[in-house]
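Think of it as A, B, C and D in the order they're written, each chain with its own count starting at 1.
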Amino acid sequence: MINKIVNSLAEAVAGIHDGATVLLSGFGGAGMPTELIHALIDQGARELTVVNNNAGNGETGLAALLKAGRVRKMVCSFPKSSNSYVFEGLYREGKVELECVPQGTMAERMRAAGAGLGGFYTPTAYGTQLAEGKETREINGRQYVFELPLKGDFALVKAERADRWGNLIYRKAARNFGPVMCMAAATTIVQVREIVELGRLDPESIVTPGIFVKRVVGVATPQLSS
Amino acid sequence: MINKIVNSLAEAVAGIHDGATVLLSGFGGAGMPTELIHALIDQGARELTVVNNNAGNGETGLAALLKAGRVRKMVCSFPKSSNSYVFEGLYREGKVELECVPQGTMAERMRAAGAGLGGFYTPTAYGTQLAEGKETREINGRQYVFELPLKGDFALVKAERADRWGNLIYRKAARNFGPVMCMAAATTIVQVREIVELGRLDPESIVTPGIFVKRVVGVATPQLSS
Amino acid sequence: MHRSLTRDEIAKRVANDIPDGAYVNLGIGLPVLVANFLPSDREVVLQSENGILGMGPTPPENEIDLELVNAGKQPVTLVTGGAYFHHADSFAMMRGGHLDIAILGGFQVSATGDLANWSLGKPGVAPAVGGAMDLAVGAKSLFIMMEHNMKDGGAKIVERCTYPLTGIGVVTRIYTDIAVIDVTPQGLLVTDWVAGMTRETLQSRTQAKLAFAASPRALN
Amino acid sequence: MHRSLTRDEIAKRVANDIPDGAYVNLGIGLPVLVANFLPSDREVVLQSENGILGMGPTPPENEIDLELVNAGKQPVTLVTGGAYFHHADSFAMMRGGHLDIAILGGFQVSATGDLANWSLGKPGVAPAVGGAMDLAVGAKSLFIMMEHNMKDGGAKIVERCTYPLTGIGVVTRIYTDIAVIDVTPQGLLVTDWVAGMTRETLQSRTQAKLAFAASPRALN
């Protein structure tokens, strides 16, 4: 019998190794897996490469992971927010590396990883600083930049509802990076507000089929962090 | 006011020009836009390049379009079926050209067109006849084939339900190529079993947002062809 | 003497140029104001990069949902007919040319439509681009809304951008507090300007060379 | 003397090798039979290339739905927990290494795991590949089910394929009517064979060189 439900956050994040690449869903606060991130802090993995659209805010969630000194490198499109002082401080002191990737390229690189592609050409960032040193190519008269897949060892994702097969639905704009990150990681770990019986999710409306999910943990009243 | 609903099949297929590339949804019979194809036959466009997973069956739908001599070239993954004699006869006589594309590469090439990518590397077909003459590249120790986007001038798609903005949902495995074809064509034309009031489709469950759709026509009891 | 448009007046003018049925993405900052001035007899569908098509106005305080925010992470709503989707689909929509118009703020626009709007190139500051480069290359038309000049009076419409680029040759039209300028293959063409301004004054406030439409419209 | 397994017996053996919880794609032809023999105490999730995860058995005649078909366009059902998705997502699933096992028929398999199963290379016949090449490169394990020999007795397990290739070095294991053979970096390794067959007979029916496990299991 397939049962991806685990009983604790600790069990959910077990096995995340030092040096792992960890994809974190969320756009600002919407879709941030706060409890999984805090469990990861307790779990203790170090030297992480973390992929998230932003670079934390305040001192909970991703900012707490950064503050705890667990992150060697951030991959994000917009490491600025109203209170991103934890990241900014570490960045100024040279304690965390940053790879700034245009947001659509970041999403597409993860999709490419999930879809088994070797790379792709995008027009985004051609001729800009963010494409410096990258291979370019003219295709049908337009200039493109070559981008490689961005694969995670783990993904920590927040969704709304799951069943024991790991089928997921999301809620409103909290969907954002969740579905591509589920595809792009070797081990995808999901926190959901509600776990439902198999068959309760409409097969026409499942956004992430269970094949992309390894572990599910219920967090009924998640905390907001961004 | 946005109103993409047109009142007749003739209006739906108006403007398809000779020499156009036309994407046809469907996998066998499931998702085939039979009535739109028959309207295209009546409309009269010639020298078409048609993209469909298969190459018609019996003498209705795509087979009828082929039989009417309107197709210069088929792009498909599997131009064989129990009764694909119309295509086979034309192919033997050299009256229709065939580009055989692995099914996943075909879907991905259309997605790339819809997503504005210049091309991508896929491991599929590396070292086979279907990659002969194509650029290859080793990426992280694996061999890939370079593929270009596949863009349609028009897509004829069958879906289940639409609203006046062109938001779509599909039904069961009739979804197949519909969503990627909607993205990949300059003008996407959709036949649906049912047209509903704006707001009746669940925003969490819309599969194709209306931005990818130009015209919608209702066909309450579609005919099966494949 | 001439007067300059307020930020709201620029937004209103841009809003008036958006046709019924257009799919539009409004960037963070000045462009967001455009939503307040869309004529009520037009249906304009707003896209938000974080997976929303059919974005509606700010909700009342008691209806705020932190899982329904815009690109600037501010609470918004969904209009009737709207839809949610994931990030890869959202940027496919942007990059794939499906948006009719993207409207962004700008630091500089060049005579050939290059845009600089994401970085001042200050050393030591972490680069942060968000979705700006994807929008710049993707939309069918790219409108830039900005003050015509920097606070110190320096030109923002220039022969060549000196700030780090967002995209090359991507700008369609520039809306400022004193003029509307089309980027054409022949260069920059002023189509509208505020009453009472001379060509010389407008050119003097613009580093790039301007051409003028035969009969420029009044901007107000 | 030895006997050969029937098609159903091959399918039953393959089914027994599929672990609980596996995500599996069954190719057209012989592999489809595997679905009939999956042990009832295991949950195995079947994927169909046309956008189904959790494909169930053929429905009774009065419940046939022509919008719910498998890769061979035959009517199927959806099991509890199943989901529908579009073609790009379906092939992302296949190509991206998310399937545990793909099971395909074969014309030829080489000593190094090359597969030929889509074309006999006859001139004048339209090429038709379907999803075979995507499955061949994508799944974590690729099982080939086929008769050990051609009808005329010719070998199908060969040093090098002579038919057009489906994929290079892609096959994990071969199931035939007389043996189960692993493709290993050292070459082909027989792990199971039918009782009463000698190594010499098995080798004589196989063009590629075979090695034998220390104690091969009985295949029945």
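By definition in this document, a contact is a pair of C-beta atoms (placed from the backbone, for glycine too) under 8 Å apart; a residue touches a chain by one contact, two chains touch by 3 or more.
Predicted, not measured: the structure shown is a model, and the values here were computed from it.
Q: Touching both subunit C and subunit D, which chains are there?
A: A, B
Q: Please indicate which chain is farthest from subunit C, where distance is taken between mean Cα coordinates of the chains.
A: D
Q: B-C versus A-C: which has more C-beta pairs touching?
A: Top pair by contacting C-beta pairs is A-C.
Q: Return the distance between the CA-based centres of subunit B and subunit D, expressed in whole Å.
A: Centre-to-centre distance between subunit B and subunit D: 29 Å.
Q: Where the CA atoms of subunit A average out and where those of subunit D average out, how many Å apart are those spots?
A: 35
Q: Please output the residue numbers of subunit D that touch at least 2 other chains, ranges allowed.
A: 78, 84-85, 88, 91, 94-95, 137-138
Q: Residues of subunit B that touch two or more other chains: which are they?
A: 108, 111, 115-117, 122-123, 170-172, 204 - these are the residues of subunit B that touch more than one other chain.
Q: Drawing the touching chains as a network, do you get a line, a ring, a star, a complete graph or other?
A: Drawn as a graph, the chains match no named shape, so other.
Q: Please list, in label order, each pair of chains that touches.
A: Listed by label, chains in contact pair as A-B, A-C, A-D, B-C, B-D.
Q: Residues of subunit B touching subunit A in their complex?
A: Those residues of subunit B that touch subunit A are 108, 112, 115-123, 137, 139-140, 142, 144, 148, 169-172, 202, 204-205.
Q: Which residues, counting only subunit A, touch subunit C once they are in their complex?
A: Per the stated touch rule, the residues are 27-31, 55, 77-81, 87-88, 91-92, 98, 100-105, 107-108, 110-111, 122-130, 143, 170-180, 207, 224, 226.
Q: Per the contact definition, I'd like the list of subunit C residues that touch subunit B in the complex.
A: Result: residues 20-21, 23, 43, 45, 47, 53-54, 78, 80-85, 88, 91-99, 137-138 of subunit C touch subunit B.
Q: Under the stated contact criterion, what part of subunit D meets subunit B in this complex?
A: Result: residues 48-52, 65-69, 73, 78, 84-88, 90-91, 94-95, 119, 124, 126-134, 137-138, 164-168 of subunit D touch subunit B.
Q: Which residues, counting only subunit A, touch subunit D once they are in their complex?
A: The touching residues are 1-2, 111, 113-117, 163-165, 167, 183, 198-199, 201, 203-204, 206, 209-212.
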